[in-house]
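What follows is a set of structures to go through.
Heads up, the next two complexes both have subunit A, just with different partners, subunit B and then subunit C.
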Partner chain A sequence: METVVQQLLNAAQLGAVYALIALGYSMVYGVIRLINFAHGDIFMVGGFAGLLLALRFTWMPLWALMPLAMLLTALLGVAIERVAYRRLRQAQRMSLVITALGVGIFLENLVRLGVGPETRQIPSRMPTTPVAWLQDALGVSVTWDKLLIIFVSLALMALLWAVVHRTLLGTAMRAVADDKDVVPLMGVNLNRVIAVTFAIGSALAAAGGVFFGQAYSLDPYMGIDLGWKAFIAAVIGGIGSIEGAVLGSFLLAGVEVLTVAYLSSNLKNGIAFGLLILLLLIWPSGLLGRPASKKV
Partner chain B sequence: MSLLRLEQVSVAYGAIRALHGVDLEVREGEIVSLLGANGAGKSTILRAVSRMLPLQGGDILLGGRSVRATPAHELVALGVAHVPEGRGIFPSLTVQENLALATWTRRERRHVEEATRRVFRLFPRLAERRTQAGGTLSGGEQQMLAVGRALMTGCRLLLLDEPSMGLSPLLVREVFRAFQEINAEGTTLLLVEQNAHMALKIAHRGCVLENGRIVLEGPAAELAGHPRVREAYLGEAGASSPPCPGTPGSSR
Partner chain C sequence: MLAPPPSPRAPGPWALRGLVLGTLALAVALQLMTEAGILPEVLNPYYLHLLTVVGMNIILVASLNLLNGYLGEFALGHAGFMGVGAYAAALLAARVLPPPSSLPPFLGPLLLLLPTLAAAMAAAAAAGYLVGRATFKTVGDYLSIITLGFNMIIVNVIQNIDAVGGPRGFTGIPRNTGFAAVAACTLLTLAVLRALVQSSYGRVWLSIRENPLAAEVMGVDVNRAKLQAFTIAAAFAGLAGGLWAQYQQFITPRSFDYIKTTEILVMLYLGGMASLSGSILGVVAYTLMMELLRNLLGAFAPQLAEWRMILSPLILILVMLTRPSGLMGHREWRWLRPRGRS
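So, the complex of A and B:
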């Protein structure tokens, strides 16, 4: 029983990181119908931004370091959209996808060149003592950092949900997803809404990167594997849907962690990708996605 | 006083010229109707005015100022609202959200409240449907929402593209009555319509477009009596053939 709870918390931590990445995939797809294949690498850059800040400003507490890493990565996301994607918005889908892949490779090599190819870890800025009350109540030993990662991630997701559903900016983002040609007729600057979407998506990915760098480790190519996983999570949940991205992420992390714990770590990816295929056979537009029917 | 003035406006879709040097004037407080067959360039004029399409030549003046280089979203702040062909409702947004988004450039509480009251007074049905998603509305309700949304921008000039399309005759009358009311309250209307009867009935002036050129213009009553208009657009006097079958479907 203890180990099950323990495994579920591990899954929640991993799922939280997946979700922070998956949200960016989903949001960007929602506004410009692009699978931003550079997004996993933006997550990686976010982690390294956290690492460099932590090494350089050893006095800086996490609550200052993380927003700073998020801000820097948000600027990177906006710059990528401005420089690489915007002028291709009217071009063929394929040009945009290839460009995204190229941007990803560029970022991987940029970080490898600048920081080095080694695996690094962000020196922990979070308390790593066990949570006493959880130990007493359930008999499981969980450290504070794990709990913090889970709850701060959930708080960020709740904040995003509130922005998207309760503000005029969020209304504009959903309107762009519905019909971006009409949006300027409302007086809304389409380019700015798209830029903000990239900024938010990149900032969330950076938060995931900083958490991942503390809980696990960082290397310049980690964005490939984790990016794919988060992308799968977004597709399982229904790409374009915020709730779907979160649901898919926790589902995928749960399947992975439980497979490793009770079956075999070799089966982890096989089962994760198998799940994707199976779920998409049953729900082609994802668990919470809108059916891709053309409106008349 | 002239609110909108098109001077020698030319527009092309790729290699296809849609407008050939159109001159058009809309004065403050008027309703002007644009008539013409499919593909004559009526919608293109509206899309050029709202800056959804780049101009190839000529100029567009709003209150005497050129808006040639003004992006579409900035034109809304200058008082131009465009109800596009097919209404352009955001289907996943509620009625209220659809309306709210149009206040993007004018968020003062007083304006938003006043405009909302005005829209709900003109179209009480929208008030009932407030929390319903735009995509679940009937065609007529969507048209009301599209017009209401345009009014939320606080526009001086309202561009209406085929507002009667797909509506029952009863609804068409209801919507056109609202247009007259909107106009009486001081908003200028530039109306593109297939339904020439209704369009000329409420308009002060009208223009007839053929193949991207204005071929006739004048007071609405005079146009309604013009033999060419009667034959081609009002379906009277033994109309034999449509006026310009040469350019099918090039208006989009």
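So, the complex of A and C:
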């Protein structure tokens, strides 16, 4: 029993990082219907931004370092949209996807040449001391950094939900997601809404990157693997939906962690993707996604 | 009623027969040249290797074009089918069939190639059929994810089969292929695909791409057509895999994961959708670009050669920004167009 609780706690930590990435996929997909293949690499750049800041400014506490990394990565996301995606918005959808793939490969190799191909870890800026009362209650090892990662991520998701559902900007974003041809006629600045979406998505991914670099490790190609995973989580939940992305991420992380713990680490990917296909066969547009409309 | 006059330029059965015979003659000539040691004299072995890889990539890209260009789906799992073919061929060649050294020098490789490549195509086609079945209910991006998921599962399954080396890879595959066989397979693949996309099959795929609902109303069995496209495309990916395994003599599951799929996609979209000319051009342009960048940058300073990894995606982005449908999107070179029409 204890080990199950322990594994679920690990899954919650991994799921929180997946969710931070998956939200960016989902939001960008929502507004411009693009599978932003560069998003996993934006997450990677966010992690490395955190690493470089941590190495350069050793005095900087995490609560200052993380927003800074998020800000830098948000700027990168906006720049990518401006330079590489905006001109292709009206073009065939697939050329946009391939451009995104190109941006991703570019970022990977840029970081590899700039920082080196080694696996690195962000020097810990979080208390790794155990949480005594929770440990006694659950009988498993609980450390502050794990709790921080889970709860800060959840807080960021709640903030995002509030922005999307409770502010004018969020209303504009949902309107663009609904019909991006009509919305500009209502006086909404489409370019700005899309830029903000990219900024928010990239900032969330950077938060995930900084957390990931502290809890696990960073390398220039990690964005490919984690990006796909998070993307799949977004799809399981129903791409375009915030709640869906979060649900899918925790579900995927849970399946992965439990597979590694009770079956075999070699089967991790096979089971995760088998589950994905099974879920999509039952719910063809994800758990919480809007069904793809079939014109009749 | 009068029968319509035969079009003077209509392709008869002689066209296909001529092509097959011509291809075989070319392959035999190339093989004889290789074995006599003339070909390596004429063409530097490095270029020969590049050309061989280009040939295999053309098979991959052109067959993916069936799905992504003509059928209009966004399939993301082509390297998985290639892997199935590669492992099927490798198993047959290394474990079942006799080693090429025990067979006569010229006919031996050919005798080994035919069954191994047939097995590769059959195994990959079976995988393609399964994926095609799984995509019936889904459309658009969800369909892409299913194909991607299958690619990952195929790699993961192979990694867990110890009999084929698991994650360490499959070693000791005899070298039954060379430039001659790859050139012949590439030409035959292009001929078959050209015939397919210009046949009623191709028309049906195009109609599904343009409007699935309208196609269905016109009596097209959309699921059946999808299944056919997936099976055929996978079979050719398997052919490329079978060639690859018996050329490299060593395969690992990871060489067929989504990184390879991405490479195929990049070449496909660089060349352009729904265009066999584009598939050829995309592969050649991509390979040339990588080699030129390596040599040009390396000429300044050896360590600069690494920067091609940054420049090549930038060039890809520039091409997509200036020519969003790729170099040859929806166009064909004259010799690949249907005859009798302009």
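In this section, the second predicted complex is superposed on the first by the 293 of 296 C-alpha atoms of A that agree within 3 Å, B and C clash if a C-alpha of one lies under 4 Å from a C-alpha of the other, contacts with A are read in each partner's own complex, and residues count from 1 in each chain.
By definition in this document, a contact is a pair of C-beta atoms (placed from the backbone, for glycine too) under 8 Å apart; a residue touches a chain by one contact, two chains touch by 3 or more.
Here the structure is a predicted model, which means the values were calculated and not measured.
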- Message: Quick check on the superposed pair: does A:V182 touch subunit B, subunit C, both, or neither? Answer first, second, both or neither.
- Response: first
- Which of subunit B and subunit C A:T3 touches, first, second, both or neither: neither
- Task: Figure out whether A:L276 sits in contact with subunit B (first) or subunit C (second), or with both, or with neither.
- Result: second
- Message: Which partner chains sit in contact with A:T167 here, subunit B, subunit C, both or neither? Use first/second/both/neither.
- Response: neither
- Query: Should A:S141 be classified as contacting the first partner (subunit B), the second (subunit C), both, or neither?
  - Reply: neither
- Which of the two partners, first being subunit B and second being subunit C, lies in contact with A:T128: first, second, both, or neither? neither
- Message: Applying the document's definition of touch, where does A:T119 land relative to subunit B and subunit C: first, second, both, or neither?
- Response: neither
- Message: Tell me which partner touches more residues of subunit A in the superposed arrangement, subunit B or subunit C.
- Response: C
- After lining up the shared chain so the two structures overlap, which partner does A:S285 touch, if you call subunit B first and subunit C second: first, second, both or neither? second
- Message: Please report the subunit A residues shared by its interface with subunit B and its interface with subunit C.
- Response: 295
- Item | subunit C residues touching subunit A - in the complex, by the definition given at the top | 68, 74, 134, 137-142, 144-146, 148-150, 152-153, 155-157, 159-160, 167, 213, 258-259, 262, 265-266, 269-270, 273, 306-307, 309-310, 312-314, 316-317, 320-321, 324-326
- Message: Which stretch or stretches of subunit B touch subunit A in the complex?
- Response: 50, 52, 71-74, 76-77, 81-82, 84, 88, 90-93, 97, 100-107, 135, 149, 153
- Task: Within their complex, state which residues of subunit A touch subunit C.
- Result: 29, 35, 84, 87-88, 91-92, 94-95, 97-99, 101-106, 109-110, 112-113, 224, 228, 231-232, 235, 239, 264, 266-270, 273-274, 276-277, 280-281, 284-286, 292, 294-296
- Interface residues, subunit A side, partner subunit B - complex: 168, 171-172, 174-175, 177-179, 181-190, 290, 295
